[in-house]
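Labels for the chains are A, B, C, D, E and F, by order of writing; each one numbers its residues from 1.
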Amino acid sequence: MASRLLCEIDLEAPGKRTGFLRLPHSTHESAYGWIPIPIAVIANGRGPTILLSAGNHGDEYEGQIALGRLIREVEPGQVQGRIIALPALNFRAAQAGRRTSPVDGGNLNRSFPGVADGTPTQQIAYHMDSVILPLCDAVVDLHSGGSSLMYTPSALARRGDAAVFERQLGMLRAFGAPHSYIVQPGGLWGGTLSDACALRGIPQLGTELGGGGHATPATVGVAERGIAGVLRHLGIADLDWDGRVARPTRLLQVGGSDYFVHAPDPGVFEPLAEPGEEVKAGQPAGRLHQTEVPWREPIAVHFARDGVVLVKRWPGMTARGDCLFHLGTDLGG
Amino acid sequence: MASRLLCEIDLEAPGKRTGFLRLPHSTHESAYGWIPIPIAVIANGRGPTILLSAGNHGDEYEGQIALGRLIREVEPGQVQGRIIALPALNFRAAQAGRRTSPVDGGNLNRSFPGVADGTPTQQIAYHMDSVILPLCDAVVDLHSGGSSLMYTPSALARRGDAAVFERQLGMLRAFGAPHSYIVQPGGLWGGTLSDACALRGIPQLGTELGGGGHATPATVGVAERGIAGVLRHLGIADLDWDGRVARPTRLLQVGGSDYFVHAPDPGVFEPLAEPGEEVKAGQPAGRLHQTEVPWREPIAVHFARDGVVLVKRWPGMTARGDCLFHLGTDLGG
Amino acid sequence: MASRLLCEIDLEAPGKRTGFLRLPHSTHESAYGWIPIPIAVIANGRGPTILLSAGNHGDEYEGQIALGRLIREVEPGQVQGRIIALPALNFRAAQAGRRTSPVDGGNLNRSFPGVADGTPTQQIAYHMDSVILPLCDAVVDLHSGGSSLMYTPSALARRGDAAVFERQLGMLRAFGAPHSYIVQPGGLWGGTLSDACALRGIPQLGTELGGGGHATPATVGVAERGIAGVLRHLGIADLDWDGRVARPTRLLQVGGSDYFVHAPDPGVFEPLAEPGEEVKAGQPAGRLHQTEVPWREPIAVHFARDGVVLVKRWPGMTARGDCLFHLGTDLGG
Amino acid sequence: MASRLLCEIDLEAPGKRTGFLRLPHSTHESAYGWIPIPIAVIANGRGPTILLSAGNHGDEYEGQIALGRLIREVEPGQVQGRIIALPALNFRAAQAGRRTSPVDGGNLNRSFPGVADGTPTQQIAYHMDSVILPLCDAVVDLHSGGSSLMYTPSALARRGDAAVFERQLGMLRAFGAPHSYIVQPGGLWGGTLSDACALRGIPQLGTELGGGGHATPATVGVAERGIAGVLRHLGIADLDWDGRVARPTRLLQVGGSDYFVHAPDPGVFEPLAEPGEEVKAGQPAGRLHQTEVPWREPIAVHFARDGVVLVKRWPGMTARGDCLFHLGTDLGG
Amino acid sequence: MASRLLCEIDLEAPGKRTGFLRLPHSTHESAYGWIPIPIAVIANGRGPTILLSAGNHGDEYEGQIALGRLIREVEPGQVQGRIIALPALNFRAAQAGRRTSPVDGGNLNRSFPGVADGTPTQQIAYHMDSVILPLCDAVVDLHSGGSSLMYTPSALARRGDAAVFERQLGMLRAFGAPHSYIVQPGGLWGGTLSDACALRGIPQLGTELGGGGHATPATVGVAERGIAGVLRHLGIADLDWDGRVARPTRLLQVGGSDYFVHAPDPGVFEPLAEPGEEVKAGQPAGRLHQTEVPWREPIAVHFARDGVVLVKRWPGMTARGDCLFHLGTDLGG
Amino acid sequence: MASRLLCEIDLEAPGKRTGFLRLPHSTHESAYGWIPIPIAVIANGRGPTILLSAGNHGDEYEGQIALGRLIREVEPGQVQGRIIALPALNFRAAQAGRRTSPVDGGNLNRSFPGVADGTPTQQIAYHMDSVILPLCDAVVDLHSGGSSLMYTPSALARRGDAAVFERQLGMLRAFGAPHSYIVQPGGLWGGTLSDACALRGIPQLGTELGGGGHATPATVGVAERGIAGVLRHLGIADLDWDGRVARPTRLLQVGGSDYFVHAPDPGVFEPLAEPGEEVKAGQPAGRLHQTEVPWREPIAVHFARDGVVLVKRWPGMTARGDCLFHLGTDLGG
């Protein structure tokens, strides 16, 4: 079944063009309206095609900001190949500053490979998977911790086909985030853009640049330098956004459930470790305060293994089952 | 008109007691139910009465955590006088982790002196003003930036009656937050607990300990050391929470509209200065990115005067009129 | 200030008329619309005026059903005096089957004496207090337990002026509910129709006929026989709805907080006593089951004194502070 | 009590300035934010001050459009006196395209004279009444039928003080809408901007330019020519928007309840007369179709008197009590 | 899988019967309830079966009104063949006066061929496609512009199989709407009842009779005369609703994206052309007014080609991507 | 596709363990959180595996309470075989006390066999069907009438494979509810846990223990004695919860649509028969009171056949199509 999204701009011709992917959405308020997903292409000469995406989750801002700058500043003459930029991918979520779409509740990064005639979020996944990905030689999908998590600035890739993984390691090093980590294919989540790329054998890199629904110049800078590094590494563009100097990255991996700390009871979360910190098995990780009956003892939680804190939960108010931390350990370590 | 709230515990007798302020709330789900606002008293011998409150805004957690510790750890034998602690003052807001009450939309700190037979939030304000404040010789109301703001850890007091102000300055120095600042009475806001204290001539101190709807051990520590400092200063208790050493504070003031930066247009906010940083008039303060049409230039905003950044906006998604920053300047400067 | 409600029908002339109290309500969907509160009058000859009301809380159905029958069946020739019937008093609540109005959240029986230009619920209270009550010599306001409570079929009156109270006792005996009980003026609630009647010196009787948001022929029968009894007692009409035989009632009183059992913690409520049952101080009253973590022990609650169970909570899902039971004790006992 | 709204622009100096009335609104999403109500002033030389307002109801667009044009096009040199323009008065309602504010449910035109520390809608009313109206010699408040009504293009004024009424008649004729009508003071509604002007003795004119939540060039033209006519009549400006030719108007009056047709039962409304049409007493006015059980007969409604149809209900879906039509009759007829 | 809907009435026997399609819907409020979709059959003798449907979108009223009249007035003796009428097809949407179902958000006319055990809207589509359509020789599905669009009264058919298309042209001419237009199969929309008919080779005609969520006697008249014309054309009935005189229709077609005008930016929409009007390429189509900052210029939009305006957007408040107009051009032109 | 739910506890080893089924749910508030569905296993020696489930509908409490007791009280030494207990199966619904999940609107007992990557409710169904049921030799799923229905305490089983049905009859008798009834496979509902068991040939018994969203000691007792009876019957455990005495049960069957009474029009429901009562064809079943226009006659409904009332509707407020009653008739009768 063909994707229902219509692209206003020509993705094939050389030059720079901006416009919208039109996602038809027939509502009480607008019977023949469409959801306008911004898209840009900057193409010139021969070379690979890279997809740069952000706003897959709408409350993760570094990539949205960095890709906006790229669209405004980079000219075709600087490019060998093609950059396709989609900085507000799940548009209604990005418009609302929410992880998920207020239109259908959809989490785009759990919706791949999508459904041609499904909900708007599913239709976006389907269009990306069936129309955009087949054009691409590499993909960088820019995430951050969003409203509920705060990461130490990181990039990540998943294991899989050895040749693809090798190319992803090269992209990770070129991106040069302070931390980089490797995740296992599969796991409990599925339906990610990363899964869709793996099925097509396209090297893909993700990021977790900060979080809390907030962006800082520092984390936007990691995104900008990282994009410049990857574009240079792939021979697509030689921007000066990173001083043309590669930054070192510490390579980690994330393993099974002992890398994670979840809340065993509800409460107000007080974290006792910070992203980027080294921790030991048995070390106190946080407390869940019983603010409805404050004379009751808070619940203490501990780390189950040694590692580097990659992420902590951000909101104080916490439910049983919420993820409080996850760790990484040095690759090969 | 008498307050409708009923206190389960005796606030007059010596000793330590915990229980609930019962706020009658007749709903579809519970015709004769009450909202249970936790309250504690620790009293012993002669000495002043201090009210310690938190959860006035439900998404400001440092004070809620610190007062829980105080209720659990401090025993009557350590006290000369009386501590009344209300760590989840606007209970439904605190239960939800929201600034305002999900029951009535009320912002408790804009609702004083309250209404005896008003909404639950108004009834809480009325009870505090008409029943609790008359018992008190001093008040510390523990706030933080909440979900929408991030402060450098601060305490604050308002100008007013000279004798009261002098005592407030003493409490500010005893609290020992890294920054302290003085605000003008009046201004555009009204209806605060601070306003209610001023009308009764009770010295009152507020705090802004951090924010973003998150608490850290560092900001909880400022709260705990500050409480200990004030209790010692007033001769009520000599806790060892602060090593019994006063921390220095930098005294600032906040003036008129040139101390504030507001968003002139909607967009995704990228701050260009951090809380605690010194800035100059004309210096770029932030950018509002147009993520719906990312090829449009972001909107630049600037500081209108020199000063120290006390607070920045936290959420990326920003509307016209949102406060992005406010500054302080050295007192006497 | 004059009431904004307009009555379609003439309340003064003899005869039987039905129509609506028109409450102007200017909304997005209807700029010049009104809320149609059904009203009926049946008048003939000389005699007292009685107000019969139901639907004060919209999920209490016995009175709504009984007054509908009265409006359809009773003819002016059967009446000496005047019956004003308002069977769906807080109309939007009655239309929705909710205790409170979905338009403004208002609980009509906490809103007296009302506000002339307030919310719709406040305007109804104001109209009743300022326009309808001055016409009346007696009032019967028919309630039931509603969605959250289940009563043993009861009628009630409040202490106050001795002469008025005497007349209320006469009405209680004439109503002939299985149980009748006396409540203290004041208490934590205020703003009831009963309060408004007391201020005007009008004898008033309330009922609590059953509950759970459900009506049965048995509880409707108590309402119908009770109305017939009161109308005969006051000399207004001699209906045969009760076989013209007065039923005995057991007279009780409800005292202070030891008559009530509230939930000290959340949980799923399992009641261990039934409405109408005699209980003893210390007897188990119920359990609150911890169904989120079912291996934790349920919370046990007990009665604080001897008495007759007048009401139990109906919904299983229970919050801290919800009323689980209240008792009555024999009057003079 | 002083209004809490702060005006960014100087309303006193000559020249043209635009900016916002800042209404402080402290929410979960923005603790120190304000609602930005656009305001403009165009002043020059000596002459009267006129307030031109629209967006009092947010779904009435002709005035919002016409005042935008005036703000962009009219220069101080064209003015003798002062024009204060507030084209989106209840800003949150205007932003949402709703009659009432989504923030507080408030209908601004039922909220005068407002409350200084009330809801945002009440604060706007208070600011208009206490700060803006005292500056004004005349007021034109531009309304339309909104989402629920469709008017024949009309202007209106209310009876009252004879001298003020005379001046209002002059303004009505200068405005030159196809129909003009006179309403009685009081009535069931209250709290309008018109009421506030009458209390201050300020001549005020309203409009009902069309409706259905839609604007057409024809109805916008009535607004623009009318504004030009009034400004010329008052000697404030001589714009060429109306070809400098006064249009004739038919003067009508609206009387009591027989001028109105309301829905006696719910249904889908099929109107049988159109705005501007002459009708006779007893003539069919419309039908209410029972679409849930379409084999039931529709409910027929009729006009109660002769007259000109000024307005019909717009939405098909209709509740009991909704206004379906109101009429006017020739003044003096 | 069998449809879960149960039809109360026998569709096979001669005579006239009315009742409900019962759609089982197990909810919190009604565990064993069903959604009652009204259905009628009028059958007599030999002849074709026609399905007449309305309320596919709940805020399109002409067809709902006209089919109610047909159900009440037409008797079996007037019929040769069978009329199956479903005037409130997506019942929960029709009950609410909304385009889409408030139960599941479903747009029925994007849901064909449906899902047997899907949402209520999907189950309706499945029942229509698998149970009702196989009974039918022709289908007329009566639509209007709904809340967001205003059409010039039109009927439409889609190209496809030549023989079916010929029969559809005959039905279009017999329907005799002022305008008729032909659309291409496919396009961006899918899942319509028209698509389902095309797959089964059933001639189908749609209508767009007016809109804005409003019906007039004029547009209801087009529906009634059109139904009469088609029934006579097919030999099923010879009603006198149209004076038995065929009305001429102007035959148009709708082509690709240059026939459409969409909003390139948000704003309050002022249309500059009316349905039925002839326009030229480059002619101004409308303006989008920036009412939040009214001193900014409105956005102008233009027609991209010559044509007849078939539809304009109705609500003033407009988002980027909303359809403002579409055109038709003479068939063969 | 593998189930995404992860079980914290080992279901295979002997002993007693409690913990959570972790259902990953990535939301705005918790990107890596999981829904914690409580699960317990008590295993010892050789013997069959029985699944005991409750909270399939979250507002049905008897089974939730009884299984909590079983988890707390029964020790491995009392067991021969294995008990798997899931007392809050659709956890978000049970947490909310709602029939359906507030997260996705899902009715778990219409969702089998589920979807591996579907909504949370669909994922629970999938996990039960693909992971848990294959472990089981027998299943008891404990239901009650929920918020909208009130049953006479009953157990039920469905016809199907003769050998399985024989074993189900044995379980029904061992359960010993006052009434037991047999339902037909298929019918209008589908997707139940019972359907899933039938497809796998697992004997399954359901219950309907009471209802109205309320539990009593009496109905909890039926659940507890029934569980004990089935466990003894299957040789898994010999608890003394039922005094080790089997209770007699009356065996009934439920047939086609004449066993059911549905509301033909909306109104306030007054039932005229009670659960457990014998009724005759033509006997009045209830009345639907027209409380919006109380002078209109109520709608009378009647039973269509003789039988025993198994269930009546609980809430007064009733819509067209709601089920008011269903009957049973003696098996073999």
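Keep this in mind: a residue touches a chain if its C-beta (ideal position, glycine included) is under 8 Å from a C-beta of that chain, and two chains touch if they have at least 3 such contacts.
Everything numeric in this text was worked out from a predicted model, so none of it was measured.
Q: Going by the average position of its CA atoms, which chain sits the greatest distance from subunit A?
A: C
Q: Given that subunit C and subunit D are copies of one sequence and touch, is their interface built from the same residue numbers on both sides (over half shared) or different ones?
A: different
Q: Which chain has its C-alpha centroid farthest away from the centroid of subunit F?
A: D
Q: Quick check: how many Å separate the C-alpha centres of subunit D and subunit E?
A: Here the centre of subunit E sits 36 Å away from the centre of subunit D.
Q: Which integer distance in Å separates the CA centroid of subunit E from that of subunit F?
A: 43
Q: Need the CA-centroid distance for the pair subunit A / subunit C, whole Å please.
A: 58
Q: Mark out which residues of subunit C touch at least two other chains, giving numbers and ranges.
A: Counting only residues that touch two or more other chains, subunit C contributes 36, 59, 292, 315, 320.
Q: How about subunit B: which of its residues touch subunit D in the complex?
A: 59, 98-100, 107, 110, 145-149, 188-191, 257, 260, 262, 313, 315, 319-323, 326
Q: Under the stated contact criterion, what part of subunit C meets subunit D in this complex?
A: 4, 6, 20, 22, 24, 26-36, 104, 117
Q: Applying the document's contact rule, which stretches of subunit A touch subunit B when the two form their complex?
A: It is residues 18, 36, 38, 40, 55, 59, 61, 64-65, 67-68, 71-72, 87-88, 91, 94-97, 150, 212-217, 220, 268, 270-272, 274, 289-295, 297-298, 314-317 of subunit A that touch subunit B.
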